[in-house]
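Got a structure for you, written out below as structure tokens; questions coming shortly.
Every chain is named by a letter (A, B, C and D) in the order it is written, and numbering of its residues begins at 1.
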Amino acid sequence: MAGNSFGQLFRVTTFGESHGIALGVVVDGCPPGLALSLRDLQRELDRRQPGQSRVTTSRQEPDQAELLSGVFEGKTLGTPIALLIRNRDAAPSAYDNLRRVFRPGHADLTYFLKYGLRDHRGGGRASGRETAARVAAGAIAKKLLAKFKVKVLAATVQAGKVRAEKFDPRVIEQNPMRCPDPQASAKMAALVERARKRGDSVGGVVEVRAQGVPAGLGEPVFDKLDADLAAALMGIGGVKGVEIGDGFSVASRLGSENADPILYRSGKFSTRDNRGGGILGGISTGEEIIVRLAVKPTSSIARKQKTVTQSGKATTIQIQGRHDPCLCPRIVPVAEAMVALVLADHLLRLRGQVGF
Amino acid sequence: MAGNSFGQLFRVTTFGESHGIALGVVVDGCPPGLALSLRDLQRELDRRQPGQSRVTTSRQEPDQAELLSGVFEGKTLGTPIALLIRNRDAAPSAYDNLRRVFRPGHADLTYFLKYGLRDHRGGGRASGRETAARVAAGAIAKKLLAKFKVKVLAATVQAGKVRAEKFDPRVIEQNPMRCPDPQASAKMAALVERARKRGDSVGGVVEVRAQGVPAGLGEPVFDKLDADLAAALMGIGGVKGVEIGDGFSVASRLGSENADPILYRSGKFSTRDNRGGGILGGISTGEEIIVRLAVKPTSSIARKQKTVTQSGKATTIQIQGRHDPCLCPRIVPVAEAMVALVLADHLLRLRGQVGF
Amino acid sequence: MAGNSFGQLFRVTTFGESHGIALGVVVDGCPPGLALSLRDLQRELDRRQPGQSRVTTSRQEPDQAELLSGVFEGKTLGTPIALLIRNRDAAPSAYDNLRRVFRPGHADLTYFLKYGLRDHRGGGRASGRETAARVAAGAIAKKLLAKFKVKVLAATVQAGKVRAEKFDPRVIEQNPMRCPDPQASAKMAALVERARKRGDSVGGVVEVRAQGVPAGLGEPVFDKLDADLAAALMGIGGVKGVEIGDGFSVASRLGSENADPILYRSGKFSTRDNRGGGILGGISTGEEIIVRLAVKPTSSIARKQKTVTQSGKATTIQIQGRHDPCLCPRIVPVAEAMVALVLADHLLRLRGQVGF
Amino acid sequence: MAGNSFGQLFRVTTFGESHGIALGVVVDGCPPGLALSLRDLQRELDRRQPGQSRVTTSRQEPDQAELLSGVFEGKTLGTPIALLIRNRDAAPSAYDNLRRVFRPGHADLTYFLKYGLRDHRGGGRASGRETAARVAAGAIAKKLLAKFKVKVLAATVQAGKVRAEKFDPRVIEQNPMRCPDPQASAKMAALVERARKRGDSVGGVVEVRAQGVPAGLGEPVFDKLDADLAAALMGIGGVKGVEIGDGFSVASRLGSENADPILYRSGKFSTRDNRGGGILGGISTGEEIIVRLAVKPTSSIARKQKTVTQSGKATTIQIQGRHDPCLCPRIVPVAEAMVALVLADHLLRLRGQVGF
């Protein structure tokens, strides 16, 4: 399979370069009869939109989706749903200086090495802009999941060295960092604003939680739910690590410290501490799914950096334009979308094998 | 696709329960004409074998592979290579006490919830024993990679709170922890031995490195090399986190700290610090690939643990048998195998698209 | 995998309903650096276009493609190529009478039974119009194949009881039936014209030939070249049979009559009579590939037909509009496209496994 | 995907060369809880077995399956089911004369051209013996289908120029030709016996019928049910054509002759004549599925044939051993198996998308 499709039964194929004509996505395999409107999609696209605050890029890049197929009289047909997002304010000539130079920390180099040629304008296919298509597809997955009472939400739980100490879902969308802890949120925003002013950027951690996920999702031994979540999230640009449940902290524990008894309450199995993040042996337990992803500080900083040209000559580059000083707030809806896609797909796969 | 296959062009399908008749693997798509013998496979299987030292389980479980197809007069035919490993000393009745009880931290619960029935004997399909098939397949991938001068090796770089401070490949196979740092190795072994005596277990971190990987591997935007590595490693039992290159540490950095200039030396592009772990934008740079995985302490500890029966009744369980007090040394060959499978597959995929 | 993608390495995903906003296709995995322009695509789309002559429908349905991504400065990038064809002159209200009635011989019934709802306008996703997307994708495959000196062409070799007695490639595009035999062509056209005048339609057979196909394409035992060709062609609307080489006629032969000695001439293996249609054991021999497909007479005829409503009530229907009295001439470019897609995909798959 | 797997959710992977150690198959994705025993499999394997009568080969080749995994206490676990069939009486040295010579009509040539080397013993992977694995997998699919009241059966409806005039399921297994017409059966057997005595062979047609198939199976526009059936059957060795319903005969009909009104009786939609063979627009209607496949006369005939050596030198070959003078009777269970695999897979796929 070529690499621009994701999922098996709920299957997404995206296309589009950052400064080409358009981005888009085809969602194939969505169950028929699901109520779906442009508004459902636009709400999610707006959350990914740049220019929402000073902690995100201030570029104007209005992402307006057009629904081309697969929906008839407000309901999904079961046939492929295609969505188009035109690149309106593309200013490709602004990128002429990147035609023969590789930006450090970006995929300019590797696209060139792989394909032998590249669209140098704003990263081309490797631009973060590509994630708009994922968010649109994820919005459809969320609608499907909602029918099964499954809810996915994400938040910025770390920016630089500032960590959220609590997870209050209600405050996430009320602060520009999308931090679930009001106190930490202010500190994060201050940190990011300081970096922005210095032309610098800040890394962070995003946490995704999914509630109401039925037990049984995940297909051992290779398409385990945690394996698929890891791929889904590691494949977002700028993500350098993924952990499930207690994650890397288990490495320094004893087995006796990490033990997590199984309980049975109100007709439902669970574990005392949900250390596994809602997954045991690659299959969902029915508990809350918890995943975290490490996000690197934006590579595009307003400082002169050493690099080389396409022919290998040493040079320096100072990246133009306004970039997100911290990627986390805008990765939040992308991470939600990817988790929603994984869950929707596994829900249909489980239903295929065991029926419900 | 059902979940027991892995890879696209170099495609592996495994089968087998821990105490059933046999484990096995079918490798489809391997290039023809590759020299392959049982000895190649056995060497790797022996590394995963239990009973190698006191830090691993002392059970007798001789994994002897039989080559059923796909190799003729010492060379691969291009047709599916099937390998069989019989479960010789299976003692299923030893597991009768697990028939209706779920072991905490294991997949007993979730297999039951997903499938409605399960093979309770030693975890069935969810047993770590399943990884023998992966290791056998990985040995074939390694042979293929060797033709392209690619080498994969892994080591235990953390056990509990003890960390390796250096990475000396020559010492890895010379100590039971498979630690690449002779000093740390001794401390790790002592820590694990203490835990073993108390019936406890220890978590850790395994690092995988791949050298000689050509630039261009990875298929954005969903089958990126880091995404596929993350899935490959997160899908190993007991793994709770995966990070690439500088991994989670980037979350607390500024962009200016994390910057990694691009260089051109001796006809080859590289980055100054290889912070990306050999991958940029999901595509290999030609530098060393570096991935780490967080391994939880063995859940099977010799202590009484609270749990419930299949019908939800509270009970306690004390897990019988001798289990690895630290999974890392035996995960080392499994992690190598999974990385080798990913690289072999992406090598063929790249060759398919661009030719070489 | 959901059902709207085709191919493995050269992978095509189509979308769109006949009277929705647009049709389109995403081609993923195309090698980079291939010269590609809208003109390449438009030429093939024009061949499928209705209204080319009296033997095809006279509806106005100008298929103009827009290239949305994957091509930069005239060359493919290696990233997904998306093409859009808007439905300009859609007149959906013309189909109001079909909202609750099933047309015999069409997929109206089965879409309803499968999905529980349907887009009744002109067949929705099941319309022959969907093949425009296949033709556009096939045009890209043809460009790729041309680099390997592979050429695909098809022709109408039977209409009703009239059969072509020769196969002259030069005359195919010079007669409205796309018949490779000038004499038969006139008879076919007369037959079809007679049927058209009576509001009737005519079935036929299309033959596809591919020259220059390298030996070795096809992946036994399930993705054999003939198996994939059969699926590709049987999946075109209106096709009820597919045969390779001597096809159904072998059923009545003795082995001694069917024998086909192997030869070696000018450094190339071949068979004396190419009875296998360029394929032996599911793998191309390097000879000409020959496939034929049986096409049913258009189901939409201007006669009153018995049918039932969605609620099962008996009724009659007389299908409005001008439909192709014989589908063959317009299936010719579609069949070429499907064969080109299969060959392009298998070429990349072979290259992946064995390298060249 | 490499070419030795078939199906998406009900997924089969086969392996093994004719004179290697063993053949086998892994069935992944089978629903859990299905009663399955070796006896279920053996019954079908016996039907494919050589030596059942004089119209089939008289070689001794007892196919005894071993069940390696995926079944526990008589029920499927939902994990991969692996089956092994050892090649007992292999006499590889009998094939030494084929080491450097290509048999006409066989895949010897193309395997050599594709892979650069081959297992010359009895066709290696290309042997008809490979279908034993398909039959074993098909037996599992049949068990699953039986739970949904779906039944698949096939018969020889033509041998040489003799055609069955009726289809009486009860007589199929009572005559060596597996012909559904007692009168035709005797003529067929006589024809085949005459050919056998002269060292010749006979072609034929096999028809497969599936009853009780629910409406809605098939995934347009590329994984249509007829497309998948065509691939499944065309991929059987010796098959040169596939047709659905009225098949090739529609090519010479008028639309008015081919019209097939839709009816509604006893709460079920159907067509008057089932001309579509149970499929409309690539989706099952709920009527009987009817498919036919053209089978070539066995290429291995006891006559001297012209051919060439691996280095291109002209030579002659006289094929040793006893071969089926007509392949049809033994293709009958193989064709049933392939159809059962397609139906089982599509049943799970439909359930995944729409739920039931």
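Please note the rule applied: contacts are C-beta pairs under 8 Å (C-beta built on N, C-alpha and C of every residue); 3 or more make two chains touch, one makes a residue touch a chain.
Quantities reported herein were computed from a predicted structural model and do not represent experimental measurements.
Each chain gets a centre from the mean of its Cα atoms; the one farthest from the centre of chain B is C. Interface repeat of C-D: among B-C, A-D or A-B, over half of the contact pairs recur, by residue number, only in A-B.
We define each chain's centre as the mean of its Cα atoms; on that basis chain A and chain D are separated by 45 Å.
Mean C-alpha positions place chain A and chain B at a centre distance of 26 Å.
Averaged C-alpha coordinates put the centre of chain A at 38 Å from the centre of chain C. Residue positions of chain B with contacts to 2 or more other chains are 1-5, 8-9, 14, 29, 32, 78-79, 114-116, 125, 220, 353-354. Only residues 1-6, 8, 14, 102, 104-107, 109-111, 113-116, 125-126, 130, 158, 160-161, 195, 200-205, 215-224, 226-235, 237, 240-248, 250-264, 267, 269, 271-272, 276-277, 279-286, 294-299, 301, 303, 305-308, 312-314, 350, 353-354 of chain D touch chain C when the two sit together in their complex. In the complex of the two chains, the chain D residues touching chain A come out as 1, 8-9, 29, 31-32, 78-79, 220, 348-349, 351-356. Listed in rising order, the residues of chain B touching chain D in the complex are 1-5, 8-11, 13-17, 20-24, 26, 28-29, 32-33, 66-70, 72, 75, 77-82, 84, 114-119, 124-125.
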